[in-house]
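The structure is given below, and queries will be raised subsequently.
Chain lettering (A, B and C) follows the sequence in which the chains are written, and residue indices restart at 1 in each chain.
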Amino acid sequence: MKSMSKMLPGVIALAAATVLGLTGADVRAQDKTITLCWAAWDPANALVELSKDFTTKTGVKMKFEFVPWTSFADRMLNELNSKGKLCDLIIGDSQWIGGAAEQGQYVKLNEFFDKEGIKMTDFAPATVVGYAEWPKNTPNYWALPAMADAVGWTYRKDWFAKPELQAEFKKKYNRDLAPPTTWAQFKEVAEFFQGRMIDGKKVYGAYLFTERGSEGITMGVTNVLYPMGFKYEDPKKPYAMDGFVNSPDAVRGLEFYKALYKGSTPPGLTNAYMTEGLDAFKSGQVAMMMNWFAFFPGLYKDPNVGGDKIGFFVNPSDKAKGVQLGGQGISVVSYSPNRNEALQYIKWFANPEVQKKWQAIGGSSAAKAVLNDPAYPKSSPFAQPFLDSMDMVVDFWAEPSYAQLLLSMQKRVHDYVVADKGTAKEALDALVVDWKKVFKDDGKAK
Amino acid sequence: MRTGISTAHSVVEPSARTRWVAGAVVVAYALLTMIPLVWIILTGFKTPPDSISYPPKILFTPSPQGYCNLFTTRSRQTPEYIAALPPASDICDKVARDDNMVVAGRSNYIPRFVNSLIIAFGSTVLSVGIGVMAAYAFSRFDVPLKDDLLFFILSTRMMPPIAVAIPIYLMYRELGLSDTRLGMILLYSAVNVSLAVWLLKGFIDEIPREYEEAAMVDGYTRLQAFRKVVLPQATTGIVATSIFCLIFAWNEYAFAVLLTSGTAQTAPPFIPIIIGEGGQDWPAVAAGTTLFLIPILVFTVLLRRHLLRGITFGAVRK
Amino acid sequence: MHWWSTGRRSSRTTARPSDGQAQANHGMSSPAALVARAAQATPAGVAVRMRGLSDRAIAWLFVAPTMLLLLAINIFPLIWTIKLSFTNYRANRPNAAVVDVGIDNYVSVLTDPDIWLAMQATAHFLFWTILLQVLIGFALAYLIDRKFRGHGFWTTMILIPMMLSPAVVGNFWAFLYQPQTGLFNYAVSFLSGIPASSFEMIGSVKLAPWAIIIVDTWMWTPYVMLICLAGLRSIPDYIYEAAEVDRASKWRQFWSITLPMVLPFIMLAVLFRGIENFKMFDMVNLLTSGGPGSATELASITLKREAFEKWRTGYSSAFAIILFVAVFGLANIYVKALNHVKNR
């Protein structure tokens, strides 16, 4: 005890000195390194490899900050809103464009593009509108399309090929067991596999997104809603949502998603998004899995379920076609102290040769040079479905208040689909009320 | 092992049988509550597929993959690429290559852990340091509005951290304290100082004034009496208070996740987002959790005698 | 006066013999001598002009850093929050025009059914965690107080869950609660025969609130146990001895001596745990994200979503103030009751 009291002033002094010294160490060393922030997933690891080329060509070193998807929006938006200097470049979600543009968080790239001869016509139109423009459909660019993505489906080709299953299916449904092209067909296939014993294990029909916290269940349910006729607003009258968001078609779509969830999915997936889906498919639990095309290269290479065992198909249609747009553009953060180096990275990335390498290494290029290449559709079994998807993509709101709109939909949909609250009509009606309030607060609607 | 309080029970000692039964129940409870923790520690030594096996594997082959994954970042490569590389440099490299991955660099775990050390210990020293001074003043002097101030100080702990974080976020943004260690140290100190003052006042109340008054009669100044008489006697209280302040700052999450990013982020926001190739890399998360527990465990076990006194003295003696 | 009521009047301002023992080892001139001299010492409160700084100056000097820190980090932001709560400010649009909306935000908060659901979820959580932790914690403390062999070691073992980060605990309990691959379902099915995949703790609307209660109880029962243990240890032995002399049964002793004397400690534990669990955020957020639906969306989780995901700063400031006033008011009433119990 006595020695402790003698030490105490010394300890305090030492600690104080340490604290003061270390807080001084917050000042960064001045060398040419820029930080790129993205989500932590397969394509990000591929980008690390690809970026070595940039360092070789320009001498600027790269550091990466990857955050898992479920905390990505939270963390990065927090960073942008607090004027953080962590990220020089950010590959942000397409929905952030509105807010980031209007709040001056992203650098407007028009001037830079003009100076360097980077043309937006070199990129697939859906990606330019989706990832780069704000306001939509105007030539104001805040990002370079970096990662073209949409929701797609994988299925166990080897199971579908089993002769006994084919025979049984044909007998029951009077058609061949094949990847579904409509949602009605999808339901039949999913129910067919639900609870079946395959190779000694019980398997389930399908895997659906149900995640509550960030965007999961919304990104899942829209793939049923769009084909069934859901629209965000009257095409003739912006922000008029009654009868479009909660139309009978939309109600039907929402009920359909719930029926699929309750009847054709594995148990315990009440809060599941991308990574749980990969786990479920790789461990042989499901016959069909919904996920982003970004993961398909990795799945195709998987030792357990890849190669011949895996097949891919486009999002089923109903009375219409539609699939949820994913993907991101790469932007320069306006608070970055390394703006020039960051812009250099964008210039390097926009080069068609780099885009081709990006595609080859596991990324998903949005450049026409890659997508329009005649060899592209044969380059992998998921290339054609991807091209087909990009022709019918629909995006969620990209308004500055997109987060409120998204969180509202997350709550209403999850409450109905997973927590069994109320009816589909009630959920969608409540959603319209929520959204009206947001737009009213924004001054965009009465 | 003694727990520090020397009250011996009376003539009325519990019978041997009572003691045996009591012991059995307590041991059973202790073992039951240990199971989740032991499971997590074990998970740190499993391979990722083993950690999510169905049904859960109780017997398994241990692997350093969890700890390796915690400290490194890796990328998947083709077997040909790996075959062309120079031989593996250390065990983590070798383990990664067995899985067709290549170590790409260090993960952020150690910097986060170091941040935790700096911020937690720094704020503990600060809050206990200024807390003991304020506690002494409240104890010995007639500070105006003393009781109200004391309750007010306690009430600062009643705000949910998220609520406090809203204005702090704005304030730090303006002052440039966002994502700085200094900012976090100040914040944690402010949260802890209320508890520190309250607890320490109780401890200091226990020390008879007569001791320092006698010392002052002997010629010490008030300050010297404080340093040489009161502080040594309050050591138990100071240590107990420090343990609580440290545990809070060490384990804090809400402020850390909202107010820090790359530079000042501590371990608690980092550990739950360690992702593997599919879902969470549970062995790495388990490894991170185990390592993070160790400093607190060591600290608390070494100073466990003070913990018991700290819980109640000062608090009850309002 | 009966023997069982004498214990309550023990004065708490003088050092008790057991404490004096601990202090006597600090190498000063014998306590007895000091106390003798102290008998003539001047009473506190009179400013003694000694060498060096005056007492008044020292009082100010000592209190100042704490008050400054609290002012800067607690008070000023609190005032700012109150100010914000009357506006429509949004932290993600710092350049937008800020409009004074009066008490609109407060009205919105108090009439929002989702907010009331969150308060309900919080109340359910509070009630059950406190009840379980007090029952189990007190029982544990009582058993430990029987002083079986090795009780020190096992007490330390029981304390370990308390030392973990609540966020990390929430995260790995999500792992333990997985229906197919987690330990919890497996253990339950092992012990009771219910198949592991037939129920899901964090996926079911009915069970998720209990899932969070179980985890919180697992973590914090040791805390309540410590407080009760200190309370039990503070009961002087002579009271029990007197009761033995009076031939009171063990049961009677428990009800009339033990329980009443530990009651202030139990109430203190309830106060601390209550305040902490009212603020609960990290453990639950990482365990269930407030789901499924909003079954476990506690007040703090709602607050975080409003403030840091929807960036409705003005609105969430009003909610924060309301929560603060609620806790403050309740704590005030409770502490008065606590003091009343202590001073019986």
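As a working rule, a residue touches a chain if its C-beta (ideal position, glycine included) is under 8 Å from a C-beta of that chain, and two chains touch if they have at least 3 such contacts.
Quantities reported herein were computed from a predicted structural model and do not represent experimental measurements.
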{"item": "Most remote chain, CA-based centroid, reference being chain A", "value": "C"}
{"item": "Chain whose averaged C-alpha position falls nearest the assembly-wide average", "value": "B"}
{"item": "Separation of chain B from chain C, taking each centre as the mean of its C-alpha atoms, in whole Å", "value": "16"}
{"item": "Euclidean distance of C-alpha centroids - chain A vs chain C, Å", "value": "41"}
{"item": "Centroid spacing, where centroids are CA-atom means, of chain A and chain B in whole angstrom", "value": "36"}
{"item": "Multi-chain contact sites of chain B, meaning residues that touch two or more partners", "value": "52, 54, 169, 232, 236, 257-258, 280"}
{"item": "Per-residue overlap in chain C, given as positions that touch at least 2 other chains", "value": "26, 91, 178, 180, 308"}
{"item": "Chain A, residues touching no fewer than two other chains", "value": "1-2, 78, 81"}
{"item": "Touching residues on chain A, where the partner in the complex is chain B", "value": "1-2, 4-5, 8-9, 11-12, 15-16, 18-19, 22-23, 26, 35, 40, 42, 45-46, 48-49, 65, 67-68, 70-71, 75, 78-79, 81-84, 86, 275-276, 278-279, 282-283, 298, 301"}
{"item": "Chain B residues within the chain A interface of the complex", "value": "52, 54, 75-76, 104, 118, 121-122, 125-126, 129, 169, 172-173, 178-182, 185, 227, 231-232, 235-236, 238-239, 257-258, 261-264, 273, 275, 277-280"}
{"item": "Complex interface listing, chain C residues touching chain A", "value": "25-27, 88, 91-95, 114, 178-180, 197-198, 200, 202-205, 288-295, 305, 308-312"}
{"item": "Partner chain C, residues of chain B touching it in the complex", "value": "1-3, 5-12, 14, 18-20, 22-23, 25-27, 29-30, 33-37, 39-40, 43, 52-56, 130-131, 133-134, 136-138, 140-143, 151, 153, 155-171, 186-187, 189-191, 193-194, 197, 205-211, 213-214, 216-217, 219, 221-224, 226, 229, 232-233, 236, 247, 250-254, 257-258, 267-269, 271-272, 280, 282, 285-286, 289, 292-293, 296-297, 300-301, 304, 307-309, 311-312, 315-318"}
{"item": "Parts of chain A lying in touch with chain C, wherever the complex brings them together", "value": "1-2, 74, 77-78, 81, 99, 102-104, 212-213, 266-271, 400-401, 403-404, 407, 411, 414-415, 418-421, 441"}
